[in-house]
Structure formats: C-alpha cells, structure tokens
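The next part holds the structures, each set out as structure tokens.
In the two assemblies presented below, chain A is common to both, partnered first by chain B and then by chain C.
On to the complex of A and B.
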C-alpha cells in the first residue's frame, strides 16, 4: 500500500515539470506581450519604442527564453513564484486573495452536488423505469443541458425582476461575517452544484445499476440480507469508484474553471484571474495559475487513488 | 368688488404666493448639496499601478483620482470638458510672447500625510512627467515636448518655460493624469507612487482589495472648505457589463462613470423609472478605418476616397445608435466643442454628403478609374465586441454596396497592436480616445508616420504636418479654426488617409440620488468626486 502511494506521489514531480515547460513555451508563442497589452492596447495614444524596450528589460523579457525559464523554475523550486508582470505585486498575494473564495465555492458546490447526486442516483437505479427514475433523469439531463453560468444569469434576473435585489458584489470572508458570506456564495454554489450533480447523478445511477446486477448482490439477496445493508455495504461502496472519479475531477476543475460564472456573480475568484492573466499576457501569473490548477488536479487524482485503494482492496494488494 | 370679496381674493392670492414660495424653497433645498453618504460605482477595469503618470487606463482614474489634485483641472460644470480652471494653482499669467506661464499656488494645502504642498512638489511631479528619469515610464511625455524648463522660484510659484508658444498648453496642464505628488517621496523613490497613495485630494485612501474593490473616505482637512460632500466612496471592480448593470439595477451601485449601451440604458430606465437619471454626451472616442498605404491598391487615393464615399454615415448613425455606443457624425473634433466642424461644412467632405446614391456612384467610378473594380480585402478588427463588432459589420455592408467584398479578421485585443505596428493588414480598425477635445491632442495621430509611430495608415504627408504646426501655433481662435478645417479637408477628403466611422456616444444611466456630477465627452474627466453629493442616504 505504502509503496503504491509513494509511487503515485513521486509521479507528481515529472508531471508538474512537464506542465511547467509546456505552459512556459506556449505563452511565448502567443502574439503580443504584457508591455504591449499594458501600454499599447488601451485607448491611449501609446508610448515610444524606447520606453517599451525599457519596460521589457525591467521585466526580464529581453533575456533569452532559456534564461527566463531557468530563473522562473529556480524560483518555483523554492516556492517563489515572483511578481505579477501586470500589477507588480507578489504572485502569492494575488492568488491567495482569490483562492479562499474559489475553494469555498468549489467546496459548497461539491456538497450541493453530492447531497443531490447520491440519493437521486441510488433511487433512480432502484426504481429503474418507473416515474421516479424518469423524473430523476429529466432533472439530471436538464442540469447537463443547462450551463451553470446561464442558470446564474436566470437567478440574477429572477432576483432583480421579482425581488429587486442582487447578491452582494463584494466578497466577505466567512470568518468575518458568515451571513454576508453565505448570501453571496450560496447562489453560485447552487448554480454550479446543480450541473455538477447532474453528471454525478447519471454516473451514480448507471454505476448502481451495473453493481445491482452483479452475482454477489443477487447472492446477498438470496441469503435474505437486509436490503439497506446490501445497498450501503455491498452495492454503493462498489458503485462509488466512478462516482468518486467524477466528483474529484469536477472539484479540481471548479478551482480554476468557473470563469463565466464568476463574471455573472462578480466573484473575485481564480477563474477570472486566469482569464485576466492570459489576456494581459501576464506570463508569471499565468504560469503560476496553471501550475496551481495542475497541482490541484494531480493532488485530487492522488486523493482519488488513495480512496480507490480504500474502497477496493484489489488495488491495495495489486 | 365688495370688501368681503376683496379679502377673500387677497387671501387666495396670499396662500398661492406662500405655496409658490414654499415650493421654490423646497426646490432650492433640493439643489443645495447635502453632506454624507457613500457613493458606490462599478469600474470595468482595474489599476495596473496607482501612478497615473505612467498608466493609460481609466481603471486608474476612476478609483484613484479622488485622492489627488492637479495644477489645473477642467471645469467640472462644463459639459464640453474643455475649459481649464484652477485646481492647486490659484491664478496664472502668460507672458506676451506666450513662452512663459507663471502659476501662483494655493496656500495651506496639505498632503494626506500632513506635509505642506509647495511649488517643489509641482515641479517634481511635472519633471517626472516631462523629463522622466531613467527607468521611469511617463506615458504622456510626448505631449510636453514644448516644455523647455520648469522652475520653482519660491514656495508658491511655479514657472513653465516653453520652446514655442502653444495654445493648448493650459489644456495640457489640466490633464486628469497629471496628479501632484510629494517631491520628497519622489526624490527618495520615483516608483513609490506606483504602489502607494499620498495626494492632496478630497478623499483619503482606505483600502484596495485587488480584483474586488477600492475604498476612499472624506479628507477632513481638504483645502476646499465644505467639500467633499460625500463621506466616502467605494469603487467595485466589475468586469462583466451585465453584472455592472445588475449592480445599478439592484441598487448596489449608484453610477458607472464609463458608459453603458443603449440597451442597458433602456432596460434600467424601464425597470427603475424615476429612480434613474440618464446623462448622455458625444464621446471623445472614435473608431477609424486605417487603409495601409503601403499595400496596393490602398496607396491610391481614388480607392481610399471611394471607400469613404460608400459610407452612409447618417443612416448608419440612426441604425447603430440603437444597438451600439456610437452615434454622432463628426469630423476630427467632437460635435459641440469649440473646434468642431459645423454640419454645413461637414457635408462638403467626401462621405459626409446627404445624397448617398450620388456618393456611391462616384465611388464606383473612382474604383473603375483606379482599376480596382470588384475589390476584395480583409478588414482587421480588434477583438472587443462593443462597439468594434457592430461597426465592422456596418462597414462591410456599406462597402458591399459599391461592389467591394470584405472579409473580417478579428484579432485578440492584446495582440492587435502588434498587427497594427507591423502593418500586417490591408485595412484596419484604429481607435483614439482623449481626455479633452483639443486639436493638438486629437490631430497628432494623423501626422506623418516618420513623426508619429501611432499613424497606422503608414503614410507621409508634409502638407498635413505643416497644417498641424500652424494650427498649434495660431494666435487667434479663428485662425486656428481655419487651419483645423484645412487639416480635416486634406485628411478626410482630398487624401482620405483615414476614414472616420461614427463618434462614440457616452450613456450614463445613474441613480437619481446622484447630484453634482456633469457628463462630458471624456470618461477620464470629472472623477475627483469633490462636487458629487447624494440627495438621500445610501440604500445599500
């Protein structure tokens, strides 16, 4: 078991290095740079080429690419991600500001999704081809068909039209004012959580259906075991493997992928920061964000591997 | 009329007069600025740094300007935004030869850290703008090439010595970007103001949470006694225009100072009725079409003239102003401002006549003469939806009507300048925005490429350069107008170096509680908030 976990953990390092190299090179291929984005693509008249060159030199963009990479990767190895080329502020601060919000929305959406998906998926599987199953399927297919940002827009419009109200525009941390925090974040969590639950509900249903047809479930029933026990101990535990995968991957995606939903609810999160960093050609910030999201995916994968091992003894002893 | 009737009549008259007086008094009371409240406004952009001398986005001006003063400012009550008035300067004199400007400063003005503001601070700030030290970026340095020296002979006097007389010099000094910083701080670290705030303005700095908001509170020691009226302000950084509109509609914000679309205005008005007041103005921003003179057949002025003749600007204005932030048909100056072209003169320019059929017939004839019948080209456009997209669609349709086929290539905003700079286009959408409508600032873009790297038509025109110099050094308004008209005729008609589309139109639907703010053609102006007040406590 330990060897399995250590192997999985060590595999993270080359994966992250590969991601670092790819994102560093890709950013240099895209036309334009942060200096042009800042001084020449606005509505002003622009500055001289000398000033642009001086700014590039100040940001180290005049150095050969390999040297820029070496400086950056050496910093990353020491957990120093440098400064944002756009704001001049430390990247750790830029990310920390948004990370708490994005993490909270991701966690809340995961809770919403799990609370909806597991019972609905199981009920739909148990009541296959009845009106209950059809209702759950309609509910989940509607969730799949409806982008979360669109649901968010509908929510905002509904609030405005019926209650002449919109959620707060400024983030208040939970530990400062829990009520204000929840009033702002519960709506995006519901909008995102619904779509997220739709994927997980479908997965839970199909996985449960598959497991319920297994011989060992039939045997358990034939032995006269209590149905609830069969479902929880034998069926659900085994059916959870693909569901855990879906929930884990969606969670990692939510950390940096809520770009449009964040715009709809004006959330100062990582998704919006990601888009801004790319459009501003803020290389250092984009690189750090990509690494962060990659690390989140890798970590979630690792956590899922651990959970697989817990759920399925065959993996532990392989 | 008997005595009883007279008494009754007198009573009615007296009651009516009292009622009228009371109503008038109420109206006056309504107009009297009220102190208190927090103004809340969304800002669609965010300051890259806090130093306006180096930045060019309104994302700096809107949240940060209330912390600062300039030497001069534009009259906050003037709807044209073109009249320089005193700010930290109390008065000024100009020498007869127009080469020396002497400014007397206000006394008793203090920075937010308590230090006294003196002429040394004004000199240091302008030295940073006009003669920036190595490693310091000054975005508008090029606008002050006329300045020979800046002197501070005593604590309350600043002298600007010019190389040649420049009629626009006072307007340049009223620039909303030229904040006065503290000399002592600049001497220690010229980059300090990129990350810190210390001005003399009506509001002091409270906090900036990146990506979220900016807060300022009333400066109790502000030199203009009685101002500001607001207790403070809060700028919310909201990128999405739908979220900005929702903020105003949900009464979480009072105003957005840049501008909304016509559809947003109509939606807000329909939803909030009298709670919303709409302020509108022609906007000193313009989308222009730059034909690349280095590429065939756009070096041929017959082709360029044909392309501008094909545009029905008046019909375009009617249609586009319903869906986009463009409206006014204009030449090189914003309508309603001192050097704007009178409509009768404008109609004489190619592409501005009222008979579009005749214009298009002439356009087809010119294309035939130039051997460019059935012309096909690519229009490069900036990847910003409003108003670039609708204007480009309109252009393509207009050109189609003279037999020209156009393909649109949309380039991402951050990469667009690279395309323009390298001349990698046939015809491109170019743009210009100004902080005031002033020929020196507005016309420079159209001078020869060798003088001015932001000329994306890639042409040389010594006649145009000469006219630019002449208007800049004209001694009277009439003389200057004459040269501006000649410049305009050559630029848009005779040579058709550039083609103007439609002037942007600024629409500010704001809470009716907001008073003391005047819309102008520039979204860089009137953001100090010292004159703004709220007629009722904030409902947020």
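On to the complex of A and C.
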C-alpha cells in the first residue's frame, strides 16, 4: 500500500518535467514575444530596434533557448517562478490570490455537484424507468445542455429583476470576510456545480445500476438485509469508483478552465489570467500557470488513487 | 401429490414463475410441486434454463423484478405460505430461517467489505447480536466450514481467498444464523473437481451436525447420487421424474433422466465406456411443443408424446415419472449395471 502510494507520488516528478519542457517549447513556437506584444501593438509605433533588443536582453530572451530553459527550470526546482515578463511583478504574487479564488470556486462547485449527484444518481438507479428516473435524467441533461456562464447570466438577471439585488462584484478573500466572500462565490459555484453534477449524476446512476445487478447484492438480499443497508454498505462503495474519477477530473479541469464564467461574475480568477498571459506572450507567467494546472491535475489523480485504495481493498493489497 | 408428512419443512405446491421477455412470456417454473423434510438433502436436477434456480429464487422472494413474477402456487414453510408474506416478513426469513448459497463464489461476496463484516451482519440483524457476539459466532462458523485461524481471516477481504475457500465462506454466511434450510444453487459448478467433493462433503456433514435441511440445485447427477436423499429432475419448467437418489440412479423411468445419466462419466464403469450426450438443445420456453417438452429430443417418443403432456404418475411407490412410455424404457442396463450407489 505505502509502496504503491510512494511510487505514484514519485511519478509526479518526471510528469511535471515533461509538461515543463513541452510548454516551454510550445510558447517559443508561437509567433511573437512579449516585447513585440508590448511595444508594437496597434500601429507599430516608432520604437527602434535597439530598444527592442535592449528589452529582450533585459528579459533574457537573447540567450539560447536551452540556457533560458536551464535558468527557468533551476528556479522552478527551488519554487522560484521568477517575475512576470509583462508586469515585472513576482509571479507567485500574481498567481496566489487568483489561485485562492479559483480553488475556492472549484471546491464549492465540487461540493455542490457531489451533493446533487450522489442522491439523485442513487434514486434514479433505484427507481429505474419510473417518472423519478426520467425527472432526474431531464434535470441532468438540462445541466449538460446549459453552459454555466449562461446559467450565471440568468441568475444575475433573475436577482436583478425579482429582488433588485446583484451579488457583490468585488472579491473579498474568505479570511477577511467569510460571509461577504460566500455571498459572492456561492452563485458561480452553483452555476458551475449544476453543470458538473450532470455528468456525475449520470455516472452515479449507471454505476449504481451496474452494481445493483452484481451477485453480491443478491447475496446481501438473501441475507435478509434491509434495502437501505444494502445500498449504503454493499452498493455505494462499489459504485463510487467511476464516480470518483469523474468528480476528480472535473475538479482539476475547473481549476484552470473557467474563463467565461469568471467574466460573468466579474471574478478575477486563473482563467482570465491565463488568457491575458498568453495574449501578452508572458512566457514566465504562462509557464508557471501551465505547471500549476498540470500539478493540480497530477495531484488530483494522486488523490484519486488514494481514494481508490481506500474504497477497494484489491488495490490496497496489491 | 403425496400427503404432507409431519416433518415436512418446505412444501412447494404448483409453483408457477414467469418472466416477461421481448419474445413473449417464459414459464420458467410451470406448476412444480416438491417438498423438503427437516434435516434432509433434496436435489433439484436439470440442464441450465430448466427453472431450477428460478425455483429457489421464488422461494426466497428474490426473482428479478419487474420481468419475473411468481404467478401461482403456494410455498408452505413452517406453517406459513411464503408467497403471502409481506416484504418485511420475508426479510426476517431470508438468511434467518432459509439461507442461500450461490453458484459463483468469486462474485457472490462483496469485494470491498471484510469477510468478517459479511458474516456478522446477518447475525447482528436477525439475532440481535452485539458486534462482539457476532464476531465470536463468525469465528465459530469459520471453524465449522474448515477455515482455521478465524479471528485473523475475518479481517481479510474476499480476494485473499481461493474459490473453494470463498464457497466455504458462503456456507459460513449461510450457517451463521442457524437456518432450518439452506438452498444451494449449483454450489460446486464454478469449482475445481477436487474441491467440489470437499464442499459437498462439508455440506452433508454440517447438515448432519446441525440438522439443517439442504436443497441442492445441480445439473450433475453424480452429485445427486452421493449427497441427496431424494431427487427431483426438472425439464422445461416441470418436474419429469422424482424419487429417492437410488431409484433415480439405478432405475431411471424418464428418458431425460436416462439421458443425463448416460452423459456423465461414472466411476463405476470401465474407462472405455462412451459418453452419450443428449441430442439437440433445451427447448425455447416461449414456444413449447404441445405434448411432452422433451419429445423432440427423445429417442423413445411415440405419437402420443407429441400430442399430450404426460402427467407425473407413480412408477412404484413414491417414484414418479412424467412419461407415456415410462414402463417400456430400457434400464441404465443398456450399459454395464451400476453398482450400488453409496448413500
């Protein structure tokens, strides 16, 4: 068990290194660099080539690619991500607050999704092909069909029209004013969580249906257990494995991928930062963001492995 | 049918179980009657699809809904008709008074729960045992089924046991609440031949030791001969022959039983003897022929067989056969005469 987990953990290092190399090279393949983006935007105003060259030298862009990479990766190894090529501010500061916000929304959306998906999926499976099942399926299909940013716009409009109220548009960190923070973030979390729950509900339903047909469920019934105990003790734990996968991957995806929904709720999260960093060719910031999201994916995968091991002894004892 | 004996534990009368399929209604069990006396081992024999497993599931009230449904008959168990009980009342009987051992020990245990959890839960629910009492009982039943070092083994998971051991675990679960009757649905089919005998011997021993009655469902007449007191042979949802194990084995009076006997190797025969499979396929239960369901595969069929369903009638005492030509069948003596069957 421990060996398995340590193995999984150590595997994170080569994976991240691979991501680092790929993103580093990809960025340099894209035409243009930060200096061009900064000085030559618009009408390509009269900045001389000497100024551009001096600026490139200042940012270290004149060095050979391999040297740039070595400098960068050496910093990363010491958790020093350098400074943003665009703003000049330390990258860790640029990211910290936005990451906190995106992480919080992602976590809250995950909680919303899980609280919706598990009960709904289980009920739909139990009442398969009845109106309850159809209602749950319509509800979850609707969640898949509605983009969360659109649902967010509807929410805001609804609040405005019916309550003459709009969620706060300025971000307050949780540790400063938890109430104010929740009042702002609970809406994007609901909008995103609903959509997210749709996939998880359907997965829970089908996984539960599959498990309920298993021989060991028949054994449990033959023992004379009540339905509730069969569900909770015998079925749920088995049915959870694929659901954990769906929830985990979606969570990792949320961390970096909420560009439009963040706009709707005026949230300054990672999504927006990502778009800005790439359009500005801010190499260092983009690299740091990609690494962060990759690390989040890998970490979530690791957490899922731990969860599998907890759920399934056949993995634990391997 | 014969009168109900005083020690009759389970009395199935005219049981009918149907399944609605896309091809029409399948009468999986079509008016079947049989009984089990206290402490006795009865066998239900037949090819797959003949309705033997469905019979057992009907007794437990576990026929897969909504497709399957018991549509008629009575199942008397200790003075109560199980078919008239509510789901709550049935739940108290399942596992407590009638336990079941399933065919697939590999998939019939829950992979994510410890073996201990799976044995103790029935005692906790049915007998009101505390966790400590239930644990002690679990160690005890593991001892009964020949698994030593129970306290340690209880903490393990099913995948840490071999197939034969898992079937022992299933039997331990079945025994845990001291039921009066154990229904064993093909308990040895998924096991190695060497393990099969061990498991059956174990069941027989436990039955003697605790006075538990066994219903063994099998397609293997060899099993029947050694372990059953009485035998019911099923074909296409009906009982076609019944009698004591000795009568069935030594003097089969139905062509289907005869076919079954000739198609399995017998240890009491010369090695060279050829096996003689039954020709054809089991019938499509949605489109049964008008007469005897076995007639299309039967070497002895006469015209009457294809027109009229033969009733189950006595061919000597309690030995009954549903065959128009029961009296003119050859013995198993078409082959070397069988030695006496060990009881």
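Here is the rule we use: the second predicted complex is superposed on the first by the 308 of 318 C-alpha atoms of A that agree within 3 Å, B and C clash if a C-alpha of one lies under 4 Å from a C-alpha of the other, contacts with A are read in each partner's own complex, and residues count from 1 in each chain.
Rule of thumb we're sticking to: a residue touches a chain if its C-beta (ideal position, glycine included) is under 8 Å from a C-beta of that chain, and two chains touch if they have at least 3 such contacts.
Remember, predicted model here, so these are calculated numbers, not experimental data.
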item	value
Chain C versus chain B on the shared chain A, clash or fit after superposition	fit
Chain touching more of chain A, residue-wise (chain B, chain C)	B
First (chain B), second (chain C), both or neither touched by A:234	second
Which superposed partner A:94 touches (first chain B, second chain C, both, neither)	first
Touching partner for A:38 - first (chain B), second (chain C), both, neither	first
Contacts of A:64 with chain B and chain C, given as first, second, both or neither	neither
First, second, both or neither for A:224, with chain B first and chain C second	second
Touching partner for A:273 - first (chain B), second (chain C), both, neither	first
Shortest span in Å between Cα atoms of chain B and of chain C, once chain A is used as the common reference	48
Complex contact set, residues of chain A against chain B	30-32, 36-49, 51, 54-55, 58, 86-89, 93-94, 97-98, 153, 156, 159-160, 164-166, 168-171, 263-266, 268, 272-273, 276, 279-281
Complex contacts: residues of chain B adjacent to chain A	42, 48-49, 56-58, 134-135, 137-142, 194-195, 209-213, 236-240, 242-243, 246-247, 249-253, 271, 285, 412-419, 421, 431-433, 444-445, 453-454
Sites on chain A touched by chain C in the complex	214-216, 218-226, 229, 233-234, 237-238, 311-314, 317
Residues of chain C touching chain A in the complex	60, 62, 90-96, 99-100, 102, 104, 107-114, 117, 121-122, 125-126, 157, 159-160, 170, 173
